[in-house]
Structures are given as C-alpha cells and as structure tokens.
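Going by the order they are written in, the chains are A, B and C; count residues from 1 in each one.
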Amino acid sequence: MIEIENVHKSFGALEVLKGIDLTVEKGEVVSVIGGSGSGKSTLLTCINGLEPINTGRIVVDGTEVHAASTDLNRLRRKIGIVFQQFNAFPHLTVLENVTLALRKVLGKSRGEAEEIAARQLGHVGLGDKLKVYPGRLSGGQQQRMAIARALAMSPDYILFDEVTSALDPQLVGEVLDTLKLLAEEGMTMICVTHEMNFARDVSHRVAFFHKGVMAEIGAPDQIFGAPERPETREFLSNVR
Amino acid sequence: MFNYTFQWRQAFRALPEMLDGALVTLQIAVLSMLIGMTFAVILAVARNSASRWLRAPATAWVEVARNTPALFQIYMAHFGLGSFGIYLSPFAALLAGIAFNNAGYLSETFRGALRAIPDTQIRAGRSLGMGQAQAFRLIVMPQMLRISFLPTMNQTVWAILMTSLGVTVGMNTDLAGVTQDLNARSFRTFEFFALAAVIYYVIAKAVMLASRLAAWRMFRY
Amino acid sequence: MFDTSLTLNDVWFMLKGAGVTLAVTAFAVTGGTVLGLLFGVIRSQVRPWITLPLIFVLDIFRSVPLLIQLILANALQAIAGFQISPFVTSCIVLALYTSAYCTEIVRGAIEAVPKVTRRAARSLGMTWGQDMTQIVFPMALRVGLPSWIGLTLGVMKDSALILWLGLIELLRASQILVTRLQEPMFILLVAGAIYFALSFPIARFGAHLERRWQEND
C-alpha cells in the first residue's frame, strides 16, 4: 500500500505539489491525468525518493520514503518506474539492459538473470531482440524494453510517467497494450498519462491534478461521465 | 655538398639495442596513460563538484598542464622538487611529468564526454535500486570511455612522442635515450636518429591502427 | 621561498629567453600557416590519391617526436654544409611541424562548409575563386580559427625543445639560472608563470570564440 499524506514539494519558489493526499491499495491501477505543470509527474519521482519532499510523508508498505533511516536503494527495488524518455542504456544490449540491475543490485547469477530477463522481454514482445543494441530499436520497442527492465526486478508497484508521450502516434498502441496486460495480471500501478481512453478502460480510479492539487478522484465512469469540478470538466472538454 | 658517407650498417647493428629502448618508451607511455587516466577521472569529477575546495585545485592542475610546456612539467618533477629535497630519477621524473600532462588534457576530454551523457541515465540507474557510485560506474563510465576512446588513444600517441623528452633530464634507457647514447659514442647523429624516427613513426601508426580496430570491435552500438 | 637571490638582471635574462621563444613561435606559425593554407586547400580540392605523397610527408611531422625532428634537421644541415644557424634551423623545423597540423585544420574547416552553400554560390554565377574568397574562407575561418589559436599556443609550448640545439629560450634560460642559484623550484615557477601568462589569456579567448560562434549557428 502506498500512502501519500499532505505532501508539499517546491522547486525553489515554485510550489508544484500543494498538499497531496492519496492512498493506493495493492492490486489497484490509478491513472493520474491533468495539464502540464500540474505536478503529476513530480509526484511519481517523490514516491520512489528520486526527489525529496518539503513536508508531509509518503509511506510504502509501512516504510516512510523520505525518512533519513530509509535505505532508498533497497526500497526502490520494490517500486519500479518507467520514464517518458525511455532511458535505455545505449552501451548494453537489450538483454544486458535488463540483466544489469538483476546481477549488480539483486546479486543474481548471470544465468538466472538472463533467464528472468528473457522471460520478461518475451512478455513485452521483444523475445527476438535480445542481442540487439537499443539504438537499433524503435521508440516503442525501447519503451517496452524499459518496462521489461522495471518488471524484471519483480517490483510490488510500478510507476509509469507519461510513457507514451515521446512516441510516434503509430507506436503508442503497442506500449499501451503492454500496460493493459500488466493491469490484467493484477500489478499495482500508478500511471501518469495523457491517454484518456487508456485511463478510462484500464484504471480502477482516475485522479485529476490541477495546479499542484488533486482536484478530483473517482471511478473512471464518474470522472469521465459526470465530473464534479469545473476544472475537470474544462480539462476533459479540451482533450477530447 | 655531401662529402659525408652515410654509415647505415652501424646504425642497423644497434637496432636490437634501440628496440629494447622502444620497449621502455612504450612502458613509460602506457604507465603514464594509466596514471593519467586515473587522475583525469578524479579531476573531471572534482571540477564538476559543488565544493570550491575540490574545484579550485583541480582547475589549477588542468590549466597548468595545458598552458605550460610538457618539458617544463618534466623539469618541475626533475629539478623543481629538488627544492624540497625530493630527487626523482630521470625515469620517475619523466613518468610523473607525462602523467601530469596526460591527466590535464584527458580530464577535459572526460568532462566533455560526461556532459554528453544525460542526467536521466543516472536517474534510470537509481530507480533500479543502484547507488550513486554504482550507477556512475556501471552506466556512466562505460559510455564516457566510449565517447572519449579515440581522443584518449590520440593522447597515448602524444604520450609516446613526449617520452623522447626524457633525454633532456638524463634518461638513457628509452628509445631517445639509447639513441643519444649511441650518438655520443659514434657521432653518427643522423643515421641513429633517422632510425629512431622510423621506429617512433611505426609505433605511433601501430597504436593508431590498433585503436581503430579495437574501437570497431568493442563498440558495436 | 621569496627569500631569493634572483636579481632583476636574472629576470631580464629570463625575459630575453621568453623573447626568443616568442620570436621562434612567430616565425614558425607565420611560415607554417602559409604552407598550411596552401596544403589545406590542395587537400580539400584535389583527389586524395594525387595528394597521397603530401599526406604521407605531413603525417611524418605529426608522428615523429619534435625533438628527433630538430636533431635530424640540425645533423642534416651540418652534413650538407649549409651552415644554417640553430635559430633558423629551429624556425624551419617548427614551421614544417606547424604546417602539418595547420593543413588538417584548414582542410577540416573547408570541408565543414556545406556543399549546398557552395553550389548556391556557383549557381549565382560566381567563379571558383570568388566562391573560395567570398563564401568558403569566411565560413571556414569561424570553424578553423579556434583550432588555429590552439595550434599556435601548442607551438609556443613545443618551442621549448629548441634548447637542445643550444638556443637560450625561456626554459633554457631558467635552467642556467637554476644551475647558478640552486633555487630550482622558485625559478621554474617564475618560468612557468611566464609561459602561463602568455598562453592562458589567449587560450581563454579561443575557447570564448568557439563558444560564441557555436551559439550563433
């Protein structure tokens, strides 16, 4: 369970998160929508401790993320994250991209790591690209590789940060299909996304962020069918 | 105009001795590169650090290395340290001078390479549970070495050429030193040094060729 | 450390050495640049296999230690009985050494001018000469000048090696004083400071030019 309580976060004078409260249960898929600059991506990097927060607290399975005593490296093993820019390691093959952390962070043997990696890469449809370098892959394939890389660590939670935003339109579908598959398998996911159809079809709950505040949260049918707040209505009428 | 008989046979007889010298030359060049690269990484990281106490000495090192002659740097090691009662052998002084020079130039190469690697690479590593140092070592370092590989090999050729300066501080076991010794015994300056020039040329070309091949083999991405 | 027996006279002696360093550098860079421009234009305009001998000879100047080049040139002129002074010998060797690097800079700079730009110039009815002087050189100058400044500073530093031919340039002058006064660290620091003062401002200026011109592109 991820518990976010009254989190404030500023970059210098700019306050990007103004008191966020959100609890995500095990097995739940929560989509976060909202305009650019609404703070939704920042929230993800705070959850796995890549960014510090100013006040409030984030607790993952009973461990407070930003407590000084928390071993972030250990914590991050159970929270995967996939970024908008795929962040493939260009000097490693697709297989090595996935095995690197398995071997060096989890300490698995090469054979065991390669077995896990090959399975995960097959899962996202890259089973025939193991020996290829990321530079030879399309954006969609690189992003699926990044997903496999996060999955291979067998995390309890995965955060997706606008994973389709940097892709050509014709490549978005293959990545979203991968996310859907994961959701169906019961993975706990927080997806910051601009894909409204995806948010509606796949998530259990949809949160709408506006100017650093979570303006509204509810079931997809409610958010998309009968939004309560005027900001939500305005945002949705603009994206459709 | 040429009432001089070239005596190449004498020079060729000394070839084994000179090739032994070439081995010492290579030894110094390789050692100076290994030491230089180690310090270059430290200097590059220090120059990017937030602390002024790390940045200032690193910057001073780099600027002195790049703005004074290599021979001056070797003199500093050989004669200059004498003021502190430290007397380095010609070998040690030459090695120290070239390594100092290498470190200065290579740190700029490495710094440029570091800048070419986006911060998001470290982030991606951290998000997989790696520590800062681990992410640097496993993700940034290999990419940095790739970008700076050919400039580094160029510096290696420079290092080989610089070893010839050792003769000015009394080095007599490397190629230039051996040649100078032979010269002093026979006064066949042109013949001996022409042969030395050919050996230097072959070494320099061989290193360049080998590094091209190595780059082609190693970096397939 | 400031308790030194270095006199004003001695400092003047070092500055005269620095004068020799600068004079050799000036002659070498002037000669080397003229040759480098010539060879560079030839390299960029003529098919490689024709210029192969030129490429090979220039490559030698970059692959053999400068010290060995100086010793060889000096020995050769003695054998030939030219009776050229070590100063002139040094200038000639350094000029050829400079030209080898300058050729590559000029060639690289000319080749950096996009082909379409040149075609546009020719399509406006410009001759080859007009294209070269009006379009190619001004554009190539921006690419090549920072490297050329770096080369000039490099030649100034490398010119220290002429001490082997008995010339009293800055470093040799310092060495003479070190032998006499037995204060190696202090005197060498003064010499280093002079080199640094000559090189550093120009190096910074070159880096500044490079940055500014890159931003404008």
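What we mean here is this: contacts are C-beta pairs under 8 Å (C-beta built on N, C-alpha and C of every residue); 3 or more make two chains touch, one makes a residue touch a chain.
Just so we're clear, the structure is a prediction, and the values are computed from it rather than from any experiment.
Q: Averaging the CA atoms per chain, pick out the one whose centre lands closest to the mean of every protein CA shown.
A: B
Q: Please flag the chain sitting at the greatest distance from chain B, going by CA centroids.
A: A
Q: Provide the C-alpha centroid distance between chain B and chain C, rounded to the nearest whole angstrom.
A: 21
Q: Return the distance between the CA-based centres of chain A and chain B, expressed in whole Å.
A: Using C-alpha averages as centres, the distance is 47 Å.
Q: Approximately how many whole Å separate the CA-defined centres of chain A and chain C?
A: So the centre of chain A lies 56 Å away from the centre of chain C.
Q: Taking the complex as given, what residues does chain C use to touch chain B?
A: So the residues of chain C touching chain B come out as 60, 63-69, 71-72, 75-76, 79-81, 153, 157-158, 160-161, 163-164, 171, 174-175, 178, 183-186, 188-189, 191-192, 195-196, 199-200, 203.
Q: Using the touch definition from the top, list the residues of chain B that touch chain A in their complex.
A: It is residues 118, 120-121, 123-131, 134, 138-139, 142-143, 146, 219-221 of chain B that touch chain A.
Q: List the residues on chain B that touch chain C in their complex, please.
A: Answer in residue numbers: 1-4, 63-64, 66-72, 75-76, 79-84, 157, 161-165, 167-168, 176, 189-190, 193-194, 196-197, 200-201, 204-205.
Q: Of all residues in chain A, which touch chain B in the complex?
A: Touch residues, chain A against chain B: 48, 50, 73-74, 76-77, 80-81, 83, 85, 87, 89-91, 100-101, 104-106, 133-135, 146, 149-150, 153.
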